[in-house]
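Same chain, two partners: subunit A is paired with subunit B first, then with subunit C.
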Partner chain A sequence: MNAIIISALWGIIMMFSGIVTSKGSALRNAAVLGLLLLLTGNYLDLIGYHFFPVDVHKMLFFDSFGLLANTIIFGATLIYVLLSGREIENIAARMPVAECFALIFFVLCGVSLVTTFNTLLMLFIGIEIISIPLYILTGSDKRNLKSNEAALKYFLMGSFSTGLMLLGIALLYGASATGTFSIDDLGVGKANLSALYISGLLLLLVAMGFKVSAAPFHFWTPDVYDGAPTVFTSFMATIVKAGIFIGFIRLFDETFSDSQARWQLFVAIITAVTLFIGNITAVFQQSVKRMLAYSSIAQAGFMLLALLSINGLAKEGILLYAAAYSLATIGIFAVLIKMKDYTFEGFNGLAKHHPVLAATCTIFLLSLAGIPLTAGFFAKYYMLAAVIETGHFLWLVIFAVLCAAVSVYYYFRVIQAMYFKDGDAQALELRPGFKGLLVVVAALILLLGVFPQVVLDRLHGLVYTW
Partner chain B sequence: MIPVLLIAIPLAGGLAGFFFKNSQSARGWSLFVSLLALVVSLWGLSVGAKSPLLNADVEWLPGLGSRFAVGLDGMGQILCLLTAVSFPVIFIATWRNEYRKGWNFYALMLLSQAGLMGVFLAMDALLFYFFWELALIPVYFLCSQWGGEKRIQATFKFFIYTFVGSLLMLIAIIWLYSHTPDHSFSIKSFYELRNHIGGGEQLWLFWLFFIAFAIKMPIWPLHTWQPDAYEQSPTATTMVLSGIMVKMGLFGVIRWLAPVLPVGTWAWGDTASALCIIGMIYASLVAIQQDDLKRLVAYSSIAHIGLMCLAIFATTASGMQGVMIQMFNHGINIIGLWIVIDLIERQMGTRKMSELGGLAQKAPALAILLVIVALANVALPLTNAFVGEFLLFSGVFSSKATQYNVVFTVVAGISIILSAVYTLNMIQRVFFGNTNALTEKAKDIKLNEKVVLAAIVVLIVVIGVYPKPMLSLTKDTVDMIITKMNYKL
Partner chain C sequence: MGITQILFWVLSILALLSAILVVISKNPVHSVLWLIAVFIAISGHYILLNAQFLAIVNLIVYAGAIMVLFLFVFMLMNLNSDTEPQKNKWLKIAGVVAGGSLLLVLVAALKQADMKGQLAEMNKGDIGLIKNLGMVLFQDYVVPFEISSVLFLSAMVGVVVIGKKD
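Our next item is the complex of A and B:
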């Protein structure tokens, strides 16, 4: 509860702080302060101090899985703001910085609803609170046609999927014996599942699949990610996606775990298609930004493996995956924003001019590819192990690793460009603080990759006691 | 204690190496570090097989059931010794090579040594996988940065090949792990597994492992990365690749495949053996056609490794002994060959046999040393490879695991004859005959090269004449593996 209220309040504060000051650095510091507050508030929630004793009538349920997910999301946002917050000022001359930050906080509010929802209505509201600020942020580069197009496309497609979601929820409501939205009661006693129930479930699957850009509902992703200002692409592709994924897992784990046998095949097919399309299309991209958009689809495919298996390992794993993926992708985007040229050629010879940038970027890319010693390895390990533990879908596991091998191709193209090709990659001016933070993020990834136990121990205890 | 040092010394040395800003001092440093590792490895040999110093086991990922467990058994001793001997030899032999930003080169070399040591020492499947990949990453950077013209593509092909293989292996490891009763990655639990999983599962699990190992060795038809990678890599890295890294595949089969999945190994033994001998004949025939020295040695290596792999599937004690000793022998022999090729290339600026000739008149010392190494390559008596290949052949011939043992032996024998053809042909064309304008200016080898080549020749002869200490070192491992492989459902 702490997180939801603090993020909403701080969003409003940020919005009005624009009246007091329009100085970027002050606003940025305010945002950082807000995020620290959020992290603390969330942590206190986790250990049992609740600032706001509101009776939520079981609409929300604050378990450690959701709260832990919040911690990861807020932590990633903090790193994101510290690394790329400065870029928000550079988007467009007339875009008020304060409002951008306010919108980010509203998104976080939505995410914390999605990670802790207990009825489908709350899920719906959470998803909407996430989506609407994102439409604005996507179009925030007002004079740029690509940005406008992206925002419109995102809005239309997003509204459509929201409609599907509502329909699904309505059907589920109708199918339930007692007329309830609560995910505790929906799935219970459904030995003979009605067609109503199954169609509702599938509609929800499609709607959520759209939000996490699972194929074949991914068509908006490359255009929106490419068109949106890079700094917000970074936010959407990591924090938002991870947050929605947590909700996705929560929904299927709590509500539909009894009927797993009926939807598993659908999820398996969606996963396979997502992995295939994401990875294969990423190979053909010429722009690193677009490649990252497709890579985010591919990574979503891997995260869908957790949805497929829905067990202890999967829940632990999705948290680790969210952390590993967000950290690495935020890092790469932070570097990408500093580049003058977003194509692969633009990275040629970066290692010569900016060794720190190139070295940290390499670690991020290795992590995304899932090479041992990095956090990405254990993230992928968990996903694979979760599916193997179910004892089925071995073909999918093999398919997934073949796709992971394909992903090496496009991630390593950036490494090759940076290290082995000659050229003079142009980067904008870099502050020492920025480089230092990049090194910290890289170190964090390596730490998670060598001693994931530091995090896992906590996860293990928390997820299993839940 | 000793295994931890074997990994930690090159690892720390390598990480420190990045901070040198001077190639000369980095070179000295890396030689020092690699000699230190050699000393530790010799210490490991001297403490005796029962010493508690040879094992280490610390908590690593308790939640996952994985421990940082490392240990030196007979096979580990031999391979660690090979790794520890090879690196100083490589550093001395390529002492005069200049590398752009050399400190990074030497640091990465040491890191790859750490990875290799880890592979040979790991007694925990997840740890093994970790090091398996770690050995690869530095080599990727080494080859892509300092290699020949087509280095980026060649290295990338190599990387993708091995990465696919290792991911398949990861699936198998996770699958096996999830079937261990105590949820553990330790080698003991894996060796117990054969009581818990049926023959049907072993049949497909076998391939998940074997593809990974076969790519690394490489076994036909998964070998296509190898000649390109060897040709394009800087020579020092080629030595690592061919001398030590290919042993990872053989080692993997012996430690992690055959004893863990005895039924699968037995069932697919003939298929795998057939691939081995096809590869041997094919590689030998291709080697005969080669004009480029590096490619010739690359293909000859495929043939030799094929024979060793064949002997593993024969499931006989003598064959397995042969593999153990031959892994070491092949390592030092091929490094010897690469040193010679590197010398020729640096002096003459070409590796094409057709452009060389008559070098023996100009460089007699080099010629003598090369002839001995080359004769070891064709396994002449009194050389180390003779001992190894004799054991390999007797192992394959006396195999009870296959009914085609005679066929395998005969075909493998033909490939040895072919190997004599191309090796002697190479000596003839490069060292004898008339000198031409290019080789007219050739000079004899310098002191450092003389020292390492002489050291290799001494090793070749000593092991060839008195192989007993080596054989007794690995006897326990061999017996253990063979017992486990003979398990029947």
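Our next item is the complex of A and C:
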């Protein structure tokens, strides 16, 4: 509860701070302060100090899985604001920075609802609180036609998928004997799965699949991620996606785990299609930003493996994956924003002019590709191990590994451009603080990759005691 | 046949007829007007089910606010038969097949659903009364109720961000 209330309140504070000052740096500092507060509040919640003893009538349930996910998401947001927050002012002239930060805090409120919901009602409200600010952030570059198009597309498709989700929730409500939204009571045994229940399950699966851009519901992703201002693409592709994934897994773990055998094959096919389309299409992209959009689809495919094999390993793994993926992608987007040219050619010879930028960028890309000694490797390892533990779907594991091999090609194209091609890559001015922070993020990724047990042991204890 | 039953049949026929007219009307403005008729008929059904609050909200939100939005959009887009795009025949067929499949699945699901014993309570039952609704809303559902304010707040901030003059 701490996180939900603090994020909503700080959103309001950010909103009104626009009256006091329009200076970007002051607003950014306020946002960083708010995020630190959020992190502390969430941590205190995790160890048992609740600031707001509210009777939530079982609408929300604060377990360590959800609160840990919150910690990762708030931490990632902190790094995001520190690295890229400055760019919000540069999107357009006279950008309403305070309002943008307010919207970011509201999204975080939605994310903390989605990670701790206990009824489908709260899931729905959480998803909506995430979506509506995102539509606006996507279209915040008002003079840019591509941004407008992306926002409209996202809005129309997103509303449609929300409609499907509501229909699914209504069908599940109808299928439950007592008429309940609670995800514990909705989970029925294997035996009495009515057709109504299965239709509801499928509609929810489709709607959530849309929100995490799983194929074949991914068509909005490349256009929206490409059209949105790069700062907000970074936010959408990492923090929001990770948050919704946690909710996705929570929903299927609590409600549908009994009927797992019925939907598992369906999820396996979605996963395979997502991996295939994401990776193969990414190979043909000319723009790094668009490549990263497809790469985020491919990474979603990997995260879907956790959904497929809901077990202890999967739940640990998804937290690790969320951390590894968010860190690396926020880093790579932070570098991308500084580039003048978003194509692969724009990265030619970056290593000569900006060695620190190129080196950290390489670490982020290696982590995304899942090369050992980076966090991405262990994240991918956990996903695959979770599937193997279920004892089925070995074909999917092999397919996922092959797809990861394909992904190496397009990630390494950037590395190749930076180190082995001649050119004069143009970057905007870089401050030493920015470089230092990039190095810290890269070090974090390496640390997670070399000493994963530091984090994993604690994670293991917390997830299993849950 | 009591008055309730007569009303039920009249409202049902009105709703279905208007719904069909929404789809087959050539002029979009006529479609919207028929849609209002559908909403009014459905509100009548709610009143028959003793759900006054739902009936009024349905009238205010759908027949009122959303219809005005629809008409606004038509006005801004200036739709008439000249500007109507020629749709591809195959696209139409694909749409029919896709929509029909969804209908088939949902009808099959609803057919199997066991709805016996949950028939609508006519003329009795007080769940839909405003008093009871308020009690439930501010006791059991107070958390979602309060949290949805964040949703509206973010929508308002969004309007400012999008609509502010540069």
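The rule is short, and it goes like this: the second predicted complex is superposed on the first by the 464 of 466 C-alpha atoms of A that agree within 3 Å, B and C clash if a C-alpha of one lies under 4 Å from a C-alpha of the other, contacts with A are read in each partner's own complex, and residues count from 1 in each chain.
Convention: a contact is a pair of C-beta atoms (placed from the backbone, for glycine too) under 8 Å apart; a residue touches a chain by one contact, two chains touch by 3 or more.
All of these numbers come straight from a predicted model, not from anything done at the bench.
Engineer: Could you say whether A:452 touches subunit B, subunit C, both of them, or neither, answering first, second, both or neither?
Structural biologist: After superposing on A, A:452 lies in contact with subunit B but is clear of subunit C.
Engineer: Is A:408 contacted by the first partner subunit B, the second partner subunit C, both or neither?
Structural biologist: After superposing on A, A:408 lies in contact with subunit B but is clear of subunit C.
Engineer: Determine, for the superposed model, which of the two partners subunit B and subunit C contacts more residues of subunit A.
Structural biologist: Partner touching more subunit A residues in the overlay: C.
Engineer: Give one of first, second, both or neither to describe whether A:273 is in contact with subunit B, with subunit C, with both, or with none.
Structural biologist: neither
Engineer: Can you pull the subunit A residues that subunit B and subunit C both touch?
Structural biologist: none
Engineer: Write out the stretch or stretches of subunit A touching subunit C in their complex.
Structural biologist: Contact set of subunit A toward subunit C: 4, 8, 11-12, 15, 54, 56-57, 59-60, 92-94, 96, 99-100, 102-103, 106, 109-110, 113, 119, 121-122, 125, 128-129, 132-133, 135-136, 139-140, 142-143, 171, 174-175, 194-196, 198-199.
Engineer: Please output the residues of subunit A touching subunit B within their complex, sorted ascending.
Structural biologist: Its residues touching subunit B are 366, 371-373, 381, 384-385, 388-389, 394, 397-398, 401-402, 404-405, 408-409, 412, 416, 419-421, 452-453, 456-457, 460.
Engineer: Spell out the residues on subunit C that touch subunit A in their complex, using ranges where they run on.
Structural biologist: Per the stated touch rule, the residues are 105-106, 108-114, 139-144, 147-148, 150-151, 153-155, 157-158, 160-162, 164, 166.
Engineer: Can you list the residues on subunit B that touch subunit A in the complex?
Structural biologist: Residue positions touching the partner: 60-64, 129-130, 133-134, 137, 141, 144-145, 151-152, 156, 159-160, 163-164, 167-168, 170-171, 174-175, 177-178.
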